[in-house]
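Scrolling down, you'll hit the structures one after another.
Here subunit A shows up in two complexes: once beside subunit B, once beside subunit C.
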Partner chain A sequence: MYKRPAFHIDTSRCTGCKTCMIACMDKHDLPEGVLWRRVTEYVGGEWAARPDGTYTQNIFGYYLSIGCNHCQNPICVRSCPTTAMHKGKDGIVSVDHTKCVGCRYCEWGCPYSAPQYDAKLGKMTKCDFCRDYQQEGTAPACVAACPNRALDYGEYEELAAKYGEVNVIAPLPDPGITQPNLVITLGKNAKPAGSKAGKVSNPEEV
Partner chain B sequence: MLSSEWSLVMFTILVQAAVGMVLVSEAARLCFGVKAASLRWQTPVACAMSLVAVLLSLTHLGTPSHSIFTVLNIGHSWLSREIASVGCFSGLLLVLSVLRRNNASIAPLALVTVCMGLVTVGIMSKVYLLETIPVWNTVSTVLGFFSTVLLTGAVVSGMVYSLEKDADGMGDANSGRLMGVGSLAATVGLALKFVSIPLSMLTLGVVGSTGASGMDMLAGTGVGILVICILLVFFGGALFAWSACRTVFAGHDRPLIGSTLCALALVLAGEVLSRLMFYGSYLRIGL
Partner chain C sequence: MSKKNPPETAPGGEITRRCVLKWVAALGGLAAGGGLFYGLNYAVSAPAKDGKTIWTSCNVNCGSRCLLRAHVADGVVTRIDSDTQGDSEYGLHEIRACLRGRSMRHRLYAPDRLKYPMKRVGARGEGKFERISWEQALDEISARLKKTIADYGNDAVYINYGTGNLGATLSISWPTGNTPLARLMNCLGGYLNMYGTYSTSQISQAMPFMYGEYLGNNALSDIANTKLAVFFGNNPVETRMSGGGMTYDLMQAKQKGNARIVVIDPRYTDTAAVADEWIPIRPGTDAALVSGMAYVLISENMVDTDFLKRCTVGYDEDSLPEGIPAGNSYKAYILGQGEDKTPKTPRWASAITGIPEDKIISLAREIGGAKPCYICQGWASQRHANGEQTSRAITMMAMLTGNMGLQGGSTGAREGCANLPVAVFPFLTNPVKKAISVFSWTEAIKRGAEMTALRDGVRGADKLDVPIKFMWNYAGNAIINQHSDANETSRILKDESLLETLVVIDNFLTPSAKFADYLLPGTFNLEEDDIIPQGSSSQLEYVIFAQKAVEPFFESRSIYDICTGIAERFGVQGKYTEGRTRDAWLRKLYDDTRKKIPELPATVEEAFSMGVLKRKAPQPPVVPYKAFRDNPEANPLKTPTGKVEIFSKKLWDIGHTWELPEGDRITALPEYLPTWEGVSDPLRSKYPLQLIGHHYKQRTHSTYGNVDWLKKVAPQELWINPVDAEKRGLKAGDTAKVFNDRGTVFVPVKVTPRIMPGVLSLPQGAWYEPDAKGQDHGGCVNVLTSLRPSPLSKGNPQHTNLVEVVKV
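Entry: the complex of A and B
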């Protein structure tokens, strides 16, 4: 059983193919528009004049595959009025559908868009770290499907020891708000948190 | 720029107006000695408004049958506290209405109800002060909600009083005092509104992950809607204050029903539009 279930994403490897998204949707049979994992494309840059009159560019772009980070101080759990959104003993944040009222307040607050509303159910849904696969000793569907091995999972301490303790990159929020169990390997184009150098260029997909 | 969260818009406005009505009518009763018999309709109408608000809020929920669980996280969730406090406030209004029918002397209970109402609006504001939504996480949200309490509450209270006197078909020496309290509340509410609007503009500079800011959302039709909101609320509040002052200073024993009705229509339209804009300005940090 995990204490701090965590995901690792290597932004230098992710090519934005969205196989993780599709594998998650397929595994959990998610309806259209409900995405427990989303691949965000963060891009920016412009042309700049050089002193010699020529132009150069500083265009950059990278992808972020983000699901639920099963945060240590989850804002969704804090704000849920029914206690349906809860953090289990295994550290996994999940929704108790026997209590969820579908008020969507968790969706308002989560800066990672992890809680997703299922209109057919009238309730919130979210990544459960593929709990059933974990019990079988199998990797979560998103991690197993990644063709570039850009995703990894496990105990936070182990992932941090393996990949470092970076847990923020633009456009992710200040990790102090929810203390996400997330480890990020930064690519060469990575922009620091709070950077206004770029923007999410595929909002309609996520 | 305009949200489609109609149930939340109506819920918040109705509860805040009910709190304002109780505040104005009880202030008139307790501080200015207006007789209880002159304000028979105020508490039952406020009670009906808060109950309708609760019913409307259910339409926002995906699974309303689970609404009984919404008070389970009262220790941590401001939404849970809001639901519990609105329930308490409505319950107190119901008890107050029933006791008033029996002519019981209940000044302490009335005072508790007013305090509960004000606490409810404070908690309601706190629901929107989320650190991940900088546009809402500002004092302008609190000021905006309390301005609705004072302005809309006073105008609705004045309207209900006017209708009551019209139905009775006779004058009342208390009219000047009630309308005076209402006029004062509406003027303070209007002043709060004009402080909260510029303050809320300051937070619209926050840029979301898509590169769009609150200002971008406001640009275009948003500016026109904002101007209309300001005009509606200003003219509605000013019309009510003017008609209330006429009742006070001209010594009328009945309020001017036509101008109060116009003021109510203008203020309500402005409040609904500005609340739709408030929900429409939702812009979260992060992804």
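Entry: the complex of A and C
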């Protein structure tokens, strides 16, 4: 039982391979268009032509794999008019499908796109921190799958002690909004939240 | 065979309505997609029933090899995970599958999965088939094969390149000469051989001239022991994606050491994104960059003259072979004292490569000053019309700086890896000695009897006597998708007066399968037992024992049993099987493997329950060619001089005797040679953009190209720089028309600064979807690639293309 169930992402190791996404899809049988974990590709920099026909450039890019941060101040829970979205005693933010009416307010509220609408069910769905696996003592599917060991999970305080307390990086929002249980190791290309240096270059994939 | 069919299948292979309903129910769908000949719905995710999980593997041609664990319920694979056996120690770490392996459930049950043997009813390539029985299929194929052998001889039979199941031992699909089909044909008098591969044609044929063999290199893990690592066209993060292999090795080496990593590539690859510097380069010009840097190293006295003197020939005039005119040394070529009188200055190189002159100078100085320096190349740089030159040239950076045979050093070749050998299925000896290059089969269909050694690279004879008339194609999509110039290839195949019979054995209705005369459903690797040798990995030696997870789908049959069926009809069953069933062979090969790896358990059943055996490779990693470097006289290379032949007398002779098309050259030195459809081809006035086709996470070549999940998370897109996109009014997501004289592809664009201006990349392997006019809507790059082979290896120059792109 967690007080603050958290994910860690090391952006110096995340290569955007999306294995975490497929492992999540396979485990949870996510229907088309429902992505409990998403990998954004954040890219920036400019090309400058020189008179001799060559170019100089300062292109940079990095990937960021985000599921649900099971926030301390979950805006999805605050946005939910039916109390279907709730934070459990184990800290995991879940949807009670007996109460969810599929109004999608939580989806609009969450700046991480964690709540995902299942059109067939007419209800919201989201990352459940692989609660069943955790009960068996195994890691969430995404974490166990990561080929480059860029993902970790556990109690927030422990992850923060191990990796530091950074949770600010572009293109993620100001962590003050929801207090995410997220710990980030910054790679050399990392830009601060709110940076205009780059942009998400795969919006259709996330 | 009846034992191997699913329990739902009635005797004789007929599927009853009750059985179909039961299958559909088990697979969780309501309506079967695809219909009579192929297809069902996907299985539903569930944990293993009664905890029944089976260790299996992903056997495709990515260079990695991953352990998978199949969860099985009611005879259906309901979930896939990967290595869960413990990850605490590097060298015994988990072999975690990439996104493709993890999507295996949706590949196993993809809607275009083949169910029954089929025979073509429409024109070849139309994709119209009727269902036939295995008896009829094997009878008719055997009769046609007998007729081909009687009419034309065994030279007219060819086994095409297929790497879809190359990770297997018993059901192995590559090397082509080591497959069950090769064993079958060797029992029947032989078949026309191939040499080279679509992956490595140019480098694999060029390296022996310079080094006496396919050149090895230090492992990626040795980057932990180096100062500077320079990657030429090498992208392990996207081409070796296993968490047991190279991408993880690179991460570990980065973390452990302090090496600066530089990636030279037209594209800001996922490897470049985790490196320290990206140097964009125009495709096909790596040898010019090397020459420009060599000029700096030589003129600033940064070359290792002791190493060059002791271990190489041809660097300077003193070590040229006898009888070679002066001015033919490497140093003379670089300094402009050779025939072309052109000093290969950084400015000269800059104009060709698109890399600023000051960057070429600074990189050369950095390489020259880093002791040791790790230099490697992928196989992208060599897959060009001048790839034989380029691959040799890149190794010159390691030779000039004397990094060969050092810890943390390098040879400039592709990175080395650990290896744990297992037993090999005996394929017997091919009585036919003639061979063509892997890329020449369309020519051999069209004009085989005219093909010669000096003009077409025929080996084992001065010429071919007959064209290819009968072709086997097992677990391969190089009939149309992965071979070049799909439109011309399609025309050649559609002429039934040329190739008389094409037999395809596959799991899916691939673009190649649509050209089959007989289309046979092979078992999927999760439907049979096998021994799976390891993939590329720096520090981990391993072997996977893959147990059958589920029964073969409908009437799918193993390649061994298919070949046995043909052997029966030729009366050579005894020779083919040696009295063994597939299972008996598996046990024999397991016992043979145990002789090589004594710590394996006594029975294959115990090995199956283990799933994988892991062993740590030595740390620090073994340094290849150390003995040669230390004492080249006592430990010579297998070249004629025993040394690194920077100047190759053999190539000199080939360059003066082979008949080459205008513009093609084979030179003794690793020179930069401009090519057709290269940066300086006047054709650029019509087709201004260079087009490459990078390896993409959605697929391994074309394998997994039909998996819905992967298409969604990694869609097929044409990479184009904003500079080029703006000129053409293209915005992200627009559909573009990419074309040249060979064909047209319609594909959405990814407008990204991650590719250099003037260059496009269309990720290779997407499935060819031609419309009535032959214009492709699947994004298949090989509609645009050329059948013209590279000069020395007669290989596939599939990154040498000029195109134009417009908004649709």
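One rule holds for everything that comes next: the second predicted complex is superposed on the first by the 198 of 206 C-alpha atoms of A that agree within 3 Å, B and C clash if a C-alpha of one lies under 4 Å from a C-alpha of the other, contacts with A are read in each partner's own complex, and residues count from 1 in each chain.
Everything that follows uses one rule, which is that contacts are C-beta pairs under 8 Å (C-beta built on N, C-alpha and C of every residue); 3 or more make two chains touch, one makes a residue touch a chain.
Please read all numbers here as calculations on a predicted model, not as lab measurements.
Once the two complexes are laid over each other on the shared chain, residue contacts for A:Lys27 go to subunit C alone; subunit B is not touched.
Contacts of A:Ala197 after superposition on the shared chain: neither subunit B nor subunit C is touched. After overlaying the two complexes on the shared chain, residue contacts for A:Thr40 are found with subunit B alone; subunit C is out of touch. When the two complexes are overlaid on their common chain A, residue A:Thr83 makes contact with subunit B while staying clear of subunit C. Legend: residue contacts after superposition of the two complexes on their common chain; A:Val168 is shown touching neither subunit B nor subunit C. Legend: residue contacts after superposition of the two complexes on their common chain; A:Leu186 is shown touching neither subunit B nor subunit C.
With both structures placed on the common chain, the touch criterion links A:Thr54 to subunit C but leaves subunit B unconnected. The contact surfaces that subunit B and subunit C form on subunit A in the two complexes do not overlap at any residue.
On the side of subunit A, the complex with subunit B involves touching residues 38, 40, 42, 64, 66, 75, 77-84, 99-105, 108-113, 117, 119, 121-124, 171-173, 177, 196, 198-200, 203, 206. For subunit B in complex with subunit A, the touching residues are 60-64, 66-67, 69-73, 76-80, 83, 127, 130-133, 207, 209-211, 282, 284-287.
Chain contact summary for the complex, subunit A toward subunit C: residues 12-13, 15-19, 21-23, 25-29, 32, 39, 43-47, 49-50, 52-57, 59-63, 132, 138, 141, 144-149, 187-189, 201, 204-205.
Within the complex formed with subunit A, the subunit C residues making contact are 44-45, 47, 79-82, 84, 87, 96-100, 102-103, 105-106, 237-238, 241-243, 247-248, 251, 268, 270-271, 273-274, 276, 278, 280, 350-351, 354-357, 697, 708-710, 712-715, 721-723, 732-733, 750, 752-754, 756-757.
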